[in-house]
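In structure tokens below, several structures.
Two complexes are shown next, each including chain A; its partner changes from chain B in the first to chain C in the second.
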Partner chain A sequence: MILGRRESLTGRVLLIILMVVTLVPFVSLFVTALHESGTYPTGISWPARPHWGNFVEAFRAADMGRLLASSLLIELGVVPVSLAIGTMAGFAFGQVRMRGYQFAYFAFVLGLTLPYEAILYPLYYQMRSLGLLNTRWAIILPLIALFMPFSIFWMRAHFVNVPRDIVEAARIDGANMWQSFWRVQVPLAMPAISSLAILLFLWTWNQFLLAIVLVDDPLKRTMAGALGAFQGHYGTDIPLLCAGSLLILTPTLVVYLIFHRRFSTALLQGAVKG
Partner chain B sequence: MAKVIFEKATRIYPGTQTPAVSSLDLEIEDGEFMVLVGPSGSGKTTALRMLAGLEAVDEGRIFIGDRDVTDVQPKDRDIAMVFQNYALYPHMTVAENIGFHLKIKKRPKAEIRQRVLEAARLLDLEPYLDRKPARLSGGQRQRVAMGRAIVRQPQVFLMDEPLSNLDAKLRVATRTQIASLQRRLGVTTVYVTHDQVEAMTMGDRVAVLRDGILQQCDTPRVLFDRPINVFVAGFMGSPQMNLIETSVSDGGVQFAGRTIPLTPTQRAALTSEGVTLGVRPEGWDIVSPNEGVPAIVEIVEELGSDSYAYVTPEYDPNRTIIVRPNSAQATPHKGDHIGLVPRPSAIHLFDTATGVRLPD
Partner chain C sequence: MAQHLVGWLFAAPAIAFYVAFVIIPLLHTLQYSLYRWDGIGPSTYVGLQNYAHLFSNSTLLKSILNALKLIVFFSVIPVALGLLIASTIRRIAASRLAGFARVIIFIPQVIPLVAAGIIWSWLLASNGLVNQVLAAFGLKHVTRAWLGDFTFALPSVGVIGAWVLLGLCTLLLLAGMTKIDPEIYEAARLDGAGPVREFFAVTLPALRQEIGVCVTVTVIAALASFDIIYISTQGGPGNATMVPGYAIYYLAFFQREVGQASALAVGLMILVLLFILPIQWLTRERKR
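Now for the complex of A and B:
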């Protein structure tokens, strides 16, 4: 595309503004985390003596090692199951199209519009009556259900666009439905499945509200959920809270940096196919 | 290897009134190369897909060998299909693509390797066995699709316009390859195309379809020499047959001041006064203007081995007649005044009202 001088200049200025707006909170977080524990830093100012030890302190104080393990357990509970069910359901809605599939699909899409905060109360009582309150299941099971509409929506968008010929070729080659799904469809769906995996990972990792409400023990929560407990204990200790937040952010940043190319294609994919 | 029989097979797509394939009766002999040809929307692909089991049969039956397969799933019909876009599995190598059916059928690994190798050798694909389809040329992909069909040693090959994505030169080369391969393997083959040249050159017999209805099924020679109606006459042959609507009076068919006599049987078969005169480009003799139908040459297409003259007869300036001068005649030039005489043996007569050929 050929751009005029003014256009490209405006574009650059806008991008820089957006970048600053995005980065400032992180910079602020980082700088504050380096101040002495127990102080109240104001604004963004580099401390006279950066307290790098704050990170170690926060890690130890919040028992970050066990939180990390807890978060990973929850991820392991949520992501593979969501992927498996979402992929199979997406295949069913996108290609098998059994009788009445439109209604079931409509119901799932309706689920996309549901603000999950609205079901928090009933969820609490349900979990209590199931005896799952204060266990990781209280986070894992609702998350699988809450992510399901999106997972299905996402995977269906992929399966709808698989060329019909390939499906038919597999049928003529003698594959039954399961063989055609497992040997042909799933390998072809890998880009969609892996981008869904990344999204689900991030959303589970960042899950805060469900963790806070349904699980009391911070050590059984997600990392982000643990932040709540953090605030209670160290409400006055802003630098430590900031250091803790940064530690919690790190894994998502790492995931993003490793997969960022795939991540942006995933977002674009949604934009075009949505 | 087997016979294929369509018995009053009909397909009506949901939500439509007119059948895509209407009461198709067709018997394909064991080992025969049958070409289904017709313009788009003629139902040729639908007929093929019905045979494949990809399309339901609403009425009638379909047999492969002695088995009624009307309600049998595609995977149990023992057929192999080559798709227009090849439909290769993009995530598998050439070898895996060709061997997919055998793998599904849980054949021993050694046997799969052996049979894939044989098929690849037959199609000159050996050097590419480890490549993915994305790294193959169009012609190679087409051959992989063929290999996937061959390796199965099926009862019937189904081919849905397998050459339409190749460039013109490759298409001609592949055409003969497929035809000779089929003859060597002796597998009953049903081949769909919209290209009448492919139909003429490849088929043992050719079935011409239009609007879901079978028009004529016969050898290419018969289709060309004795088309059963105006549609087949116009469809087979390139450039197409000149079809001129005329009328009958006492002596016979009146054409530009000349009379072509009708036999009593022809006269009896006529439903009205209208007769369509059909003469292929090569069926004209070029004479001097005062001997034949006077006409002016508008354009001459020189193809090297052949040349075609597009001429306008004086009696109707809006009409164009295509003429191929035979080798004994000099090629006319643009602007020449010539006379045209249809050779009596090259004249086809059709009833204009019904389009049906008059008896010879």
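Now for the complex of A and C:
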């Protein structure tokens, strides 16, 4: 098996190259963040005197504390509601399969390909006439709707494989169905729901387009939207921009590294199903 | 009978949200696309004129062509490289190094695209790491401010997308490969197949579905790209990196040509469907 061993060596080398290509940009970001604010350093160079204070300065300039609070508020508005109504609809389309459900389901599936840009201006107009422009609701309400195609697709894929005992039990009335949904179906669906929760959390956190168009105040935006504003303000001060970007990235990276197994499982499954 | 009604009640909240914040705005986009409108004053019905402009206006046409070119970087390169890498590391997929690599390779998929844009804007700047590396290899004469260069700005933006999507594609394809029965590989080896023939005879056909997924996700990312462009080039220099996503935003909110922006939005939706539907049809397993 000489061939096999050589292949495994090539594989290892390739893996290491891939990791380096992934990580080096972050290293460059980090060492640049340590240079004196306002200077224009080169790619990767260790500063004569590292300016750790840049992180403090960026923390203050970006108002990190309030940014985190804002992003969490938006998450709270989006994720639980999306999970609840997405699971309910997934149950209806996967288990109950009422007459004519195919049309509604098809309309949702088509929405999987919808570029958010396509409804950007009407959303802006709609939020303005509802008086919600520049509030977090302007991000929360459309995001719930835009997440429905994937949430329903995902939850239906789960429910379609659950035996239809409960629904098939004759003469079940609405109240019983409601109870059996919450007491039996939802607990059984927990693995699918928690993966969906991770994906929705991440997509909300990283949502940029809706944040910059519908909300002017960076402190009412998502993390990604705030990062865009930070670049607008400090784009010319490279070390400070790098320090700020790293800070804004840190919560995501910490959460990811703790839950990386769940994240990558969810993202890989999510892509396959989407 | 009651069951049907209850079913619809279960679906009702989702349908209500979807209709209110996706379907109705979508119908408005369709409606606006037939008018000339600045978003404030009165509007004039112009029929399909805004759609005709998509082909006659050089900026609009260029934005669509740029999106098509980005498919090469966002889709073709990550999928091809991902296939190459995944089939090379297939045999060591269970090793500790591979487990560690999996965590690292996924990071670009977790961070916001905006962050990737900021990081790479710095790497590709005239003082950035890319030029530093080129100079170290004696290629100082090719160094430049990559994102400000008329010829290289679009490929540079493409490189950012490829960096973001390569890890996802590699891991997806690897996950597909580990599902292939090892005995098929043994049989291929016994028949004297080398790595190359093995790849084309065994791996590639078995991965049809995973490849379909990678292509779908990455093509949508290419055609609907916005975040990276917004951060790194804003469509410039000139229109060198203008894409439909950014053009829609710019037309609607800065040029106040809502009708034209809406026609481009409809065009973009159709373009995405034109790519995605055949891909889905070709790669889905015939069982549903």
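Operating definition for what follows: the second predicted complex is superposed on the first by the 250 of 274 C-alpha atoms of A that agree within 3 Å, B and C clash if a C-alpha of one lies under 4 Å from a C-alpha of the other, contacts with A are read in each partner's own complex, and residues count from 1 in each chain.
Keep this in mind: a residue touches a chain if its C-beta (ideal position, glycine included) is under 8 Å from a C-beta of that chain, and two chains touch if they have at least 3 such contacts.
Computed from a predicted model, the values in this text were never measured in an experiment.
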Chain B versus chain C as contact partner of A:48, first or second or both or neither: neither
Touched partner set for A:187, first chain B, second chain C, both or neither: first
Partner chain(s) touched by A:115 [first = chain B, second = chain C, both, neither]: second
Contacts of A:202 with chain B and chain C, given as first, second, both or neither: second
First, second, both or neither for A:179, with chain B first and chain C second: first
Broader residue contact with chain A after superposition on the shared chain, chain B or chain C: C
Footprint overlap on chain A, where chain B in one structure and chain C in the other make contact: 172-174
Chain B to chain A touching residues, read off their complex: 52-54, 73-75, 79-81, 83-91, 100-101, 104-105, 148, 152
Contacting residues of chain A [partner chain B, same complex]: 163, 165-166, 168-176, 179, 183-184, 187-188, 190
In the complex with chain A, residue positions of chain C that touch it: 2-11, 13-15, 17-18, 20-26, 28-29, 32, 39, 85, 88-92, 97-98, 101-115, 118-120, 122-123, 125, 127-133, 163, 166-168, 170-172, 175, 195, 209-210, 213-214, 216-217, 220, 223-224, 226-227, 230-231, 244-245, 248-249, 252-253, 258, 261-262, 265-266, 268-269, 272-273, 276
In the complex with chain C, residue positions of chain A that touch it: 3-4, 7-8, 10-12, 14-16, 18-19, 21-26, 28-29, 32, 40-44, 84-86, 88-89, 91-93, 96-99, 101, 104, 107-108, 111, 113-126, 141-142, 144-146, 148-149, 151-152, 167, 172-174, 177-178, 181, 202, 205-206, 208-209, 212-213, 223-224, 227-228, 231, 238, 241-242, 245, 248-249, 252-253, 256-257, 260, 263-264, 267-268, 271-272, 274
